[in-house]
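Following are the structures in question.
Two complexes, one shared chain (chain A), two partners (chain B, chain C).
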Partner chain A sequence: MSEIPKDLRYTRSHEWIMTMPDGTLTVGITDHAQELLGDLVFIELPKVGEKLAAGKECAVVESVKAASDVYAPVSGTIAEVNANLAERPETVNKGAYRDGWLFRIKPERPEELGSLLDAAAYKSLVEAEDH
Partner chain B sequence: MLIFELSRPGRRNPSQSPGPAAESGDIPPELRRRSRPVLPQVSEMQAVRHYTRLSQKNFSIDTHFYPLGSCTMKYNPRACNAFSMLPQFLGRHPLASPATGQGFLACMFELQEILRDVTGMRAVSLTPMAGAQGEFAGVAMMRAYHESRGDADRSEILVPDAAHGTNPATAVMCGYTVREIPTDEAGGIDIEKLRAAVGPRTAGLMLTNPSTLGVFEKDIQEVQRIVHQAGGLLYYDGANLNAILGKVKPGSMGFDVIHMNLHKTFSTPHGGGGPGAGPVGVNERLLPFLPVPVVARARDGSYFVETEKERPQSIGRLSAHMGNAGILLRAYVYARLLGREGMKRVAEFATLNANYMLARLKSQGFVAAYPDRRATHEFIITLKPLKDATGVTAMDVAKRLLDKGFHAPTTYFPMLVPECFLIEPTETESKEELDAFITAMEEIVREAHDNPDLVRNAPHTTTVRRLDDVKAARELDLRWKVAG
Partner chain C sequence: MGYKTPLYDTHVKMGAKIVDFGGWDMPLHYGSQIEEHHKVRQDAGMFDVSHMNVVDIKGAYVRPFLGLLMANSVAKLQTPGKAMYTCMLNAKGGVIDDLIVYYMNEQWFRLVMNASTRTKDLAWLDTTSREMGGVSIAPRPDLAIIAVQGPNAREKIYQALGEGMRSETEKLKPFNATSIGELFIATTGYTGEDGFELILPGKAAPYSWQGLAEAGVAPIGLGARDTLRLEAGMNLYGHDMDETTTPLESGLAWTVGWEPASRNFVGREVLERQRTEGVARKLVGLVLEDKGVLRDHQKVICSSVGEGQITSGSFSPTLGKAIALARVPAAVAVGSRCEVEGQRRRLAARVVRYPFVRNGKSCLE
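Let's turn to the complex of A and B:
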């Protein structure tokens, strides 16, 4: 069973979200997602300053098996991206919730956070997919 | 070993070298090279052995079973190649006048008619040079149709989530936004979700039938009703035409436009990057928009080429001339060899072989992705139970199959099914060959339980062992450099 930290929020499309002290949100793909994809070989990140609507595709993670879109979990503006990933995509495989974060987004409508899944809801989603 | 690694300075084969003072002709001095090209210096015998050995390493449908099927490589009869290579065809200039090319034009006209007949469409244009170009032509015609009616708000193309990636790519290339329709439990399109998705913005639905999941879209009548009632058009992706050839016609299913991959179904190898041919067929509604040139027959029985002049509403040209003429000729010969009845047999045997394999694999304990559905010309099994029990993955099993003399089937596609094999035997395999493959699969499962490392480290007997595809993708290095 993949790791699902209790203190994070999740989406149905396998992104995780952590609220930072300054109100921005750190976003990555879950351990389950990196496990499904396998060894990542290329990651395309959004541009800092890019404005996104919730659910809009904004990054691509590519493994030898497949390329997958990553979606903006909430509406907002990209505040920072994890530039280390360009050279070292395997960082996501090694620590999806740590050094493998993808980008930080400044939310436009904080109320959208309410529609994200908590750890328990995400866990049952993964289990249902894994039946 | 590369032939460059055999090279020794001064070793050469003088009888086949050009003379020392080859004429540079009219090439201006500033464009002439000043250094000598780096070429391998080997003896004639070394060159002969090097290339003969390389050719012996070929893994091909001529030597082995290839369950990637028509998706990559079904058997293409020798005669199709031989006839399309007749000097009269090869020597014909594409700009030669129709009067001197009546034989070629007659073949193209008849091929249009044959494809029209086998798909149930109103007319066919042969000009797209690949499947993706055929898709582009098809969706461009849908766009032209809506625009000709002043129906300009239709901005969405619906695509099932099981579709080939080219479908959404085509829709985007034609200026549409893509809306994904989920698949239901039985592998079909989710009808309720489709009903909820259509509306005044719907330009059309792109559908592969049988689908990429290896099942026939049972609700096609309902699907076509829903899309047409919303004012959309129905696009048929011919990727899996092999399964229904001559048995069911896309035109009868209500499709408005279709592309065919002649390089899958009609006797041209598919894998290897082409050239291909992606003719398009249309019904009455889309007829004016068909890409040109199209071959027509005059009252006196002679053939001529229709262009923008005769077809002013055409979406235009997709190639300078008549498309990939050599591929079209192969398709023509194939169709004439089979005849109308033979086409049906292609579909019947392709489907029979797939269902035989599915039934036998199921009885050996393999898990079908859609156990309640009959297979079309291909089917999917999931090796997830094997992975859970032994840690051996679908990729490991695929590599072990190479040791046993079989090409691996498609792995990890479609992504909807975990640890999957997509198996397509095609119509030309004998029962003995299918049985041998099933035996190999049983052996590998036994090995996975008894000696999992044997499978995990496969292949053991091939020229190269398992490649590090992750390293290859991360540190791409395609160029060999001269040492020193």
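Let's turn to the complex of A and C:
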């Protein structure tokens, strides 16, 4: 069973979201997602300053076997991206919730956060997919 | 629930991620496919390939039988243990399967064929043997195959399975085999590295695998097997060739036994025509110059010459970039540039000769 930290929020498309003290949101892909993809070899990130609508594809994670889109969990502006991933995409496999974060987004409509899944809801989603 | 090899429980115990592979429950990786890839290039790794189809052909008419069915010439096999890579063709010259033929003795040849083509292969062999007579076809599901590959493979095999093997196997040239009791040892492989393929009774497989693991041979899943064979420029059936493509269109002209001209093997007529008139399509290597990963079936655009398609695309852990085999118009030149239709945009690539990697070293110029 993959790791699903209790204090994060999740999407149905397997992103995780952490609210930072400054109000920005850190976004990555879940442990379950990295496990399904296998060894990542290439990650394409959005540009800082890019404006995104919730649900818009904004990054790509590619493993040896498959490519997967990453979607903006809420509407907002990209505040920062994890530049280390260009050289070391395997960081996501080693720590999806830590050094393997993808980007930070400054939310435009904080009320959108309410529609994200909590850990329990995401856990049932993953379990349902496994069957 | 698929078929299981005698090593299935061992794989699960060693932490393998099991996936369906042509109806078989096989290990994809034991943690990291890329680390496994490097292990084979730099040290030694082992693959369970017991899902492959071992078929023993015996009888007085084995030579004419294989002479009819195989595009390569079994006349090249004159000493016990000699091995040969060949395609088995249909009447249109299309590839039914690619396989290795081992010469055991004058009335016994052993075939190692793909797992995914098992049913049609056996039907093809059975039909022809009934028409010809004088041969028996015996699949050997009782046997397991462990491929041990890498620069340190031989030493670690001797350490694990006994120094007694050394004298028998040390001087074996590539594509040769020998038997020691029930153990059949061949200097064949699918990685471009030194090593052996061991064919042994299924019952003995878990014990031998365990011994190899204790000697420091890493278990390697089918994920790394695919990137290793692609770097080595080796075709994969169903991807780089199938019943709609001939060996000449698949980079396998070298495997056709043209001599003697009197040997009328199945598919020869079409191959002879292609040999005279030339082929419209051929297989080339591609190296991606942009960031990304090449994938099977992506369209390849070779400006002014035409379009082709990727037959095997992946990421090369040794080179650190995406590589592919692609079927393109015959006029496409090595060294030329092309574009690949990626998911989001066109990617720049270069046409190269393959293999991409041999004995751990890049072959790119």
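We adopt the following convention: the second predicted complex is superposed on the first by the 131 of 131 C-alpha atoms of A that agree within 3 Å, B and C clash if a C-alpha of one lies under 4 Å from a C-alpha of the other, contacts with A are read in each partner's own complex, and residues count from 1 in each chain.
Please note the rule applied: contacts are C-beta pairs under 8 Å (C-beta built on N, C-alpha and C of every residue); 3 or more make two chains touch, one makes a residue touch a chain.
Computed from a prediction, not measured in an experiment: that's the story for all the values here.
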{"item": "Which of chain B and chain C A:99 touches, first, second, both or neither", "value": "neither"}
{"item": "First (chain B), second (chain C), both or neither touched by A:60", "value": "second"}
{"item": "Partner chain in contact with A:44 - chain B first, chain C second, else both or neither", "value": "second"}
{"item": "Partner chain(s) touched by A:89 [first = chain B, second = chain C, both, neither]", "value": "first"}
{"item": "Chain B versus chain C as contact partner of A:112, first or second or both or neither", "value": "neither"}
{"item": "Touching partner for A:80 - first (chain B), second (chain C), both, neither", "value": "neither"}
{"item": "Chain A residues touched - chain C or chain B, whichever exceeds", "value": "C"}
{"item": "Footprint overlap on chain A, where chain B in one structure and chain C in the other make contact", "value": "39, 41-42, 64-65, 90"}
{"item": "In the complex, chain A residues that touch chain B", "value": "36, 39, 41-42, 64-66, 89-90"}
{"item": "Complex contact set, residues of chain A against chain C", "value": "38-39, 41-42, 44, 60, 62-65, 67, 90, 93"}
{"item": "Touching residues on chain B, where the partner in the complex is chain A", "value": "412, 415, 418, 469-470, 473-474"}
{"item": "Chain C - residues contacting chain A, complex", "value": "28-29, 32-34, 223, 227, 291-293, 295, 314-315, 317, 343-344"}
